[in-house]
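All chains are identified by letter, namely A, B, C and D, in their written order; residue positions are counted from 1 within each chain.
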Amino acid sequence: MADMIWLVPLIPLLSAIILMLGSAILPRLLIGLLGVGSVGLAALLTMLLGLEFLANPEPFQLSLWTWMQVGNFSPSIAFYFDGLTLVMMSVITGVGFLIHLFSTEFMEEDTSYARYFAYLNMFVAAMLVLVMADNLLLLYLGWEGVGVCSYLLVGFWYQDSANGQAARKAFVVTRIGDTAMALGLLLLFTELGTLDIQAMVGAANIEWQVGGTLPLIACLLLLGGAVGKSAQLPLHTWLPDAMAGPTPVSALIHAATMVTAGVYLIARTHGLFLLAPTAMMIVALVGLATLLMAAFTALMQTDIKRILAYSTISQIGYMFLALGVGAWTAGIFHLMTHAFFKALLFLGSGAIIHYLHHEHNIFKMGGLRTRMPVTFWSFMIGSAALAALPMTSGFFSKDQILLQAYQFSDIGPLLWFGGLLGALLTAIYSFRLVFVVFFGKANTEPEGDTGWRMAVPLITLCTLAMIGGYFIIPVADVFPVASGDHPAHWVEYVSISVPLLGVLLAYLIFQSRQLNVDRWVSSSVGQALRRFWLSGWGIDWLYDRAFVRPYYRISGLLKNEPIDAIYGLVVAINQTFNHWLVESQTGRMRWYVASMVLGLIVLLTLALQIPALQPTEGAS
Amino acid sequence: MNMSEMTALMPILMLSLTAVVLMIQASIKRDQAVAWWITAAGLLLSLWGAGYARDFVQPVTVLLVVDDWGLFFTTLILMASLVTLILSKESFSPEGERKEEYYLLLVLSVLGAVILIQSSHMASLLLGMELMGVALYGMIAFPEKGELPLEAAIKYLVLSACASVMLLFGFALIYAATGDLTFAGIGAKAGEAYAREPVLLMAGSAMILAGLGFKLSVVPFHMWTPDVYQGAPTPVTGFLATVSKGAVFIALTRFFIEGQLYQYSSLIFALSAVAIASMLVGNWLALQQQNIKRLLAYSSIAHFGYLLLVLIALSMAIDADTNRLIGEAITYYLAAYIVTTLAAFTVVATLAGEDDSLSMIGAFDGLFWRNPLQASVLTVAMLSFAGIPLTAGFIGKFYLMTVAIQSQLWVLMGALVLGSAIAIYYYLRIIFAMSKIPPASIKLGSQGDINKGPRVEFGPQDLLAALLMLLVLLLGSWPQPFIAFAGSL
Amino acid sequence: MEGLNIPLNHILLVSSLLFSIGMLGLMIRRNIIFILMSLEVMLNSAALAFVAAGAHWGQPDGQVIFMLILTVAAAEVAVGLGLVLQVQRRFKTLDMDSANRMRG
Amino acid sequence: MVMINLILILLVGGVLAMLSERAGENMPRRVALTVVLLDIIYLLSHLSGMADLTQLQAPMPDDPSTWLMHFKAQWIPAFGISIEFALDGVSLLMVMLTLVLGAIAISSSWTDVMAKRGFFEANLLWTLAGVLGVFMALDLFLFFLFWEVMLIPMYFMIAIWGHENRGYAAMKFFIFTQASGLLMLVATLGLVAVNHSATGQWSFSYFDLLNTPMAEQTAHWLMLGFFIAFVVKLPAFPFHTWLPDAHTQAPTAGSVILAGILLKTGAYGLIRFAVPLFPEAALDFSFTAMALGAAGVVYGAVLAFSQTDFKRLVAYSSVSHMGFVLLGVYAWNELALQGAVMQMVAHGFSTAALFMIAGSLQERLHTRDMREMGGLWQQMPRMGAVAMFFVVASLGLPGLGNFVAEFLVLLGLFQVNPWMTAVAALGLITGAIYSLILMQRSFQGEPNAKLEGHSLTDFGRREMLTMAVMMVALIGLGLYPQPVLDMAQPVLQSLLEMTSVEIAP
């Protein structure tokens, strides 16, 4: 079984290729079957692998062929399989399968059905390669692969150049991170002589000591990559725009899998980060800052998908926080649960958008509780998990994170408090969403409720979002065990109660309206803050001014090749000489004589001025 | 003057004989065809003579010296004259124009050139040059109608006479300084003469350089060149560009070496100045030129600038090896230049005839598709001028550069490179014009539908052109035999 | 002939003077006839120089060259005058400045 | 002899192609294609006879007998000039690339060229012949000869069949390369002269001229002569300005050859001559060279972004990519050199393909201006998909050839100069920017109003086949580059050893 592991990414890849080549001829049904079936098959294989692995938890490595061999640089196309890989693979294939299924209904009317599934399958393949890679170069291949697929899918409806804009933004911004990461790879290889993750970490632990400069630089470069892919500060701006893509895509790529790649990368290379405490501190702070920034922004959004997008950013912030404080397991655990409930929420929103004539503004919705029950319940559960209400999956993961954050060195309590504030906001904005969309009076009439191909995934994810918290992820021997001792009990109580408080607030403000905030909001300060948060803390604006426009301007200035001016000058000089000399050819004989006389005089002077007899030398 | 000396002078004698015969023939019965054949026969005879004389190389009196080198160039020049002869017959034959005298003049001019080549004495040099020149005036002015030939002739006459006087005066001064008229003698006595009368000697040499420089049309004695090239009948232009210039350069070289002028740094300095000026000015003048004859005139200025480099190198001559190299360089470059120029003028003569408007580059548009042969010949010629590999011109330039490097003439080398770089532009312009596809044929998408300008049937001059092209390519692609031969001179 | 040996340089000076005069003529005269005459002057200046040099070295060569120069001069002028006739016939003028069809 | 035949086949084939026009409008391209395929077969048939190429023995750079093939015949003994060809792994790679791309170029000229097809195909074949000569000639005189002569047919291709501004472009191209070529000629002669004064005999043979002892100053000047000639051809910033014009104006096949092959001669020259002949000088010079390379990477990318002309954009992308080659060569360690060679091959395919797409677009829309395009995917999905593939290839997507190349270069460079690497890495970002804008402006976005009405035919069988060849090639290079690497490895290895010995004193 284990040596069949390469089939897992291969199957979706093959189906992607078939779909591309046969896009014109294949019947719709077959396309659907291929697209969903391939991922389903991959999921099945993963399950089998998982069972086998749980039977005897021995990480193994499978090398297919040497990619390239130059001097001592010989990365190979090889897969590494351990608990962490298993978790990631299950999430990707499992959630991926559900989302594919969902898509068959969601994309029903779309003309380029085949292209959609081709891209989606290709994405799954690339993502699998990313998590299964045994060395960083192969990981980078998957890393870029998912990037391109995300680009293709965000810009799926290419006729609208706004989508293209969003897609390019997504790709370029992440590419910035990727470049940092690539440099990191270069550094790691140059210093440690290999890119095989296990060997590399081993070498690092031998050659580098904790707190050195090199590990710090290396980790920061890797972090750059992670920050780009996982949409953390300062490279998060692409994710909200990426919502331009079809909603299932947002669910799969921009909620469940790709955006968590950064988390995976750091978790995978935690051996390095342990050598660079400073780097870990930075990771934690980045996480914290991001989660707060995003939470505040989410509070103000009116576009249902943007709300979810910012909440994704914020949730990944939690994961980074976890990684930063060394709560590896908690981080990955949250990754998984988040995958469940965020996918659920996105799919739910997808259903709404699908049946509400592509309406995105939550204030144009409302009262959907009765009309779309399935969707309503999935949203309820999803939001509950997102808000980390007790007993939901989100609760378990987030709780662990907060507790371990509290224990983290001296600034622990600070981090904990920040996380708590975030949790409060999360509860508020998620239930704001629920109340506004599903309660109150209906503004738009939906065209019925979800069909089975949408219902099944929703329901499945509901259950996962509920019970996901009871799973035990088999990463025990991947990560060092976290300190066992627990903080004071009041900390735990507070952590539990805060989300409930948030829900209550949301209820009072948006549902029963007993708590009237209009006065604050309408106040000038309120307005300013509102605009500020709505615009995502004006970071987009800032980047536009600081980078985008200057680039356009510079490029525009250079467009017509200033360098050529130099050569133009040379030409001009020659032309001038040509002009003068041609002028001198007057055709008048006397003038010609004059020139001869002049020449004669010059010759005479030259000949007479240097009266030095050279020593005679051999003549021919 | 014994028998063997007579034999050594075979070429000269043959030419003189031809001249006499021509005159007699003209006095008996004027007939162009006959005159033409006589001339041809005469030239061939003297060619044979030149070959024959190779076994009798020796100085003949103090006036002439017959050596392999001179004989080789005699041969070359005679061939060039043959080309001119053929072209003259084919190209410019305005109806009812009598050309017997023209052939006579041609023969006389060649005679002058040969004497010039073999001269080792001021008198013979003077005679040769004047004979050649005076005959040329006639040839240039020969066409009866059209003003350009006449203008060209009168300009050339006055200016070249002026130049000759400079030359003469120079000789006079040198004679006054050294008291000898033979090149060798001058060389021998120059040393003490310099000690006694440096001014006379230097001034004299300078004026000689000026005089010969005019004939070679190097800056600043170049101004006549374009006008004369343009105005003269194309075959005559070709003759002027090859025979006259070649002969003069040989004479200059002889005087330069025998008279050991290369010893005087001041002269070398002056000569370098002239050379550099010619390299640059010539090319600059040619850049935008639209009349192909004028363009060739300008390019010839540059080319003789390049060639002067070799004479300058003599002063630096370090070892026998280098001197051999220099000798070869002169021989090869001149030969290559003459062949290439002939090829070019053959094409121009064939296509443009005497119609000045037809010698505009514009008239050559799309020539490739009208007359592939002539177009390819001109292309090859241009590439050879530009010094692109596989053509004679390249090997020539290769030689010059090698010489320059061997004798470390960096400045001249720089000028040479710069000049060549500039030159590419205008040679390419001609090629570009010829390769234009007339829009008509693009639509039709096939050839053969453009016939503007005279479509020439395959005639002797096409054959001639083809031969010359092959020669250029041969010299360029398989130079070893010729190099060996040049080395043997 | 005693008492009549003028130093060479003086004669050369004279002849170069002649030379310069001729050249000046070439430069300032526009009438072709005068131009030809200036040429003659120049030729003779050279000839004079030769004769003088010959005398100075006590050689006949000087005079020989002088003869040659005379011939050359004759030839030049003969052709020259021939051309002058043509010029007169075609340009209807002897002003050389008007003969500049070709330039550039 | 084999090598000479390779060239002769093409030369003669050219003549045949020209004559075959009489037989029919479409004969020339058929003939041309056959000739090139024949050449390929001929080459392969001779290679198959040899020891497994993946285990080439390391050729001693200065000992021809260890090379794959070697042929030497007197030509101009007076100067010790001989007709000397030799083949080792690197040149073999380049030769193969040349022939394959040659075939591709011919197929791209299938419907592109309308007038004087015979002469066109002839020029194409002659260019190929010249390039083969450049890649195989090991006598510096002969090398220079091919170097110059291959330009003439190329010049004709641009000047006769080019687009609106062909005269200017062709002239610029020719003068740039010729003028720089003159410098190389001077440098060559200088080198030969030095060797002459040292050994007392003339020789232009690479093998004799290697390890010529000379003064530091001399070495610097001579090296510069070669360097300039090669970087003009490469082209490297700031000598690149001829390239955008030439590429834009040339007919499709011309651009393919130009970008795919001719640029590589420059890189090849650097690896084969500029560095090994003057190791120390090259070492002292390497920083400048690398700086130029890095500058080129970024500059090319930035300019590419602002272009509105499809072909011009691709042309600037070439400048950017060639910057990597320059970096790779002057980092002068195995990783970087392998990267450079890899880049030469991979860029050959990716750019050639993009130019072919540009060509087909121009054929259909009669414009290269991307402001006239947009939303073409709808009408031409196949072309769009293909374009997307090559665009992501050129922005260096892992799994495709260009990535392997660029990564190796960066990896090698990092060991020499991390900061330079950081600058060059900017190329990855800017590369993404211009590549994607290319897709956006041409194939994505709202369908251009101007295109309403005329229906555009998508890629047909011939085009798809051609493209498929290149796609497969790129994927192969991307996932299993080993064959290529192995072919170059021994050569580069021994070059490194030799130069390091040189420098060690």
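Here is the rule we go by: a contact is a pair of C-beta atoms (placed from the backbone, for glycine too) under 8 Å apart; a residue touches a chain by one contact, two chains touch by 3 or more.
Everything quoted here is computed from the prediction, not taken from an experiment.
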Between subunit B and subunit C, the fewest touch steps amount to 1
Among the chains, which one keeps its Cα centre farthest from the Cα centre of subunit B?
A
Between A-C and A-B, which chain pair shares more contacting C-beta pairs?
A-B
Calculate how many whole Å lie between the centre of subunit A and the centre of subunit C, each centre taken as the average of the chain's C-alpha atoms.
95
How big is the gap, in whole Å, between where the Cα atoms of subunit C centre and where those of subunit D centre?
66
What is the distance, in whole Å, between the centres of subunit A and subunit B, each centre taken as the mean of its C-alpha atoms?
77
Where the centres are mean C-alpha positions, what is the separation of subunit A from subunit D, in Å?
37
Can you tell me which residues of subunit A touch two or more of the remaining chains?
582, 585, 587, 589, 593
Residue numbers in subunit C touching two or more further chains are 23, 26, 35, 96, 99-104
Subunit B: positions in contact with at least two other chains
154-155, 158, 162, 226-227
What chain pairs are in touch here?
A-B, A-C, A-D, B-C, B-D
So, in the complex, the side of subunit C touching subunit A is made of residues 23, 26-30, 35, 96-97, 99-104
Seen from subunit A, its contact residues with subunit D in the complex are 20, 23-24, 65-71, 73, 77, 137, 140-141, 143-145, 148, 151-152, 155, 158-161, 164-165, 167-168, 171-172, 175-176, 178-179, 182-183, 186-187, 189-190, 551-552, 554-556, 558-559, 561, 563-564, 566-567
Subunit D to subunit A touching residues, read off their complex:
237-238, 240-241, 244, 299, 302-303, 305-307, 334-335, 338, 375, 377-378, 381, 385, 388, 392, 397-399, 403-404, 407-408, 410-411, 414-415, 418, 421-422, 425-426, 428-429, 432-433, 436-437, 440, 443-447, 479-482, 485, 489
Report the residues of subunit A in contact with subunit C in the complex, numbered from low to high.
582, 585-590, 593-594, 597
In the complex, the residues of subunit D that touch subunit B are 21, 25, 74-79, 114-116, 144-145, 148-149, 152, 155-156, 159-160, 167, 170-171, 174-175, 178-179, 182-183, 185-186, 189-190, 193
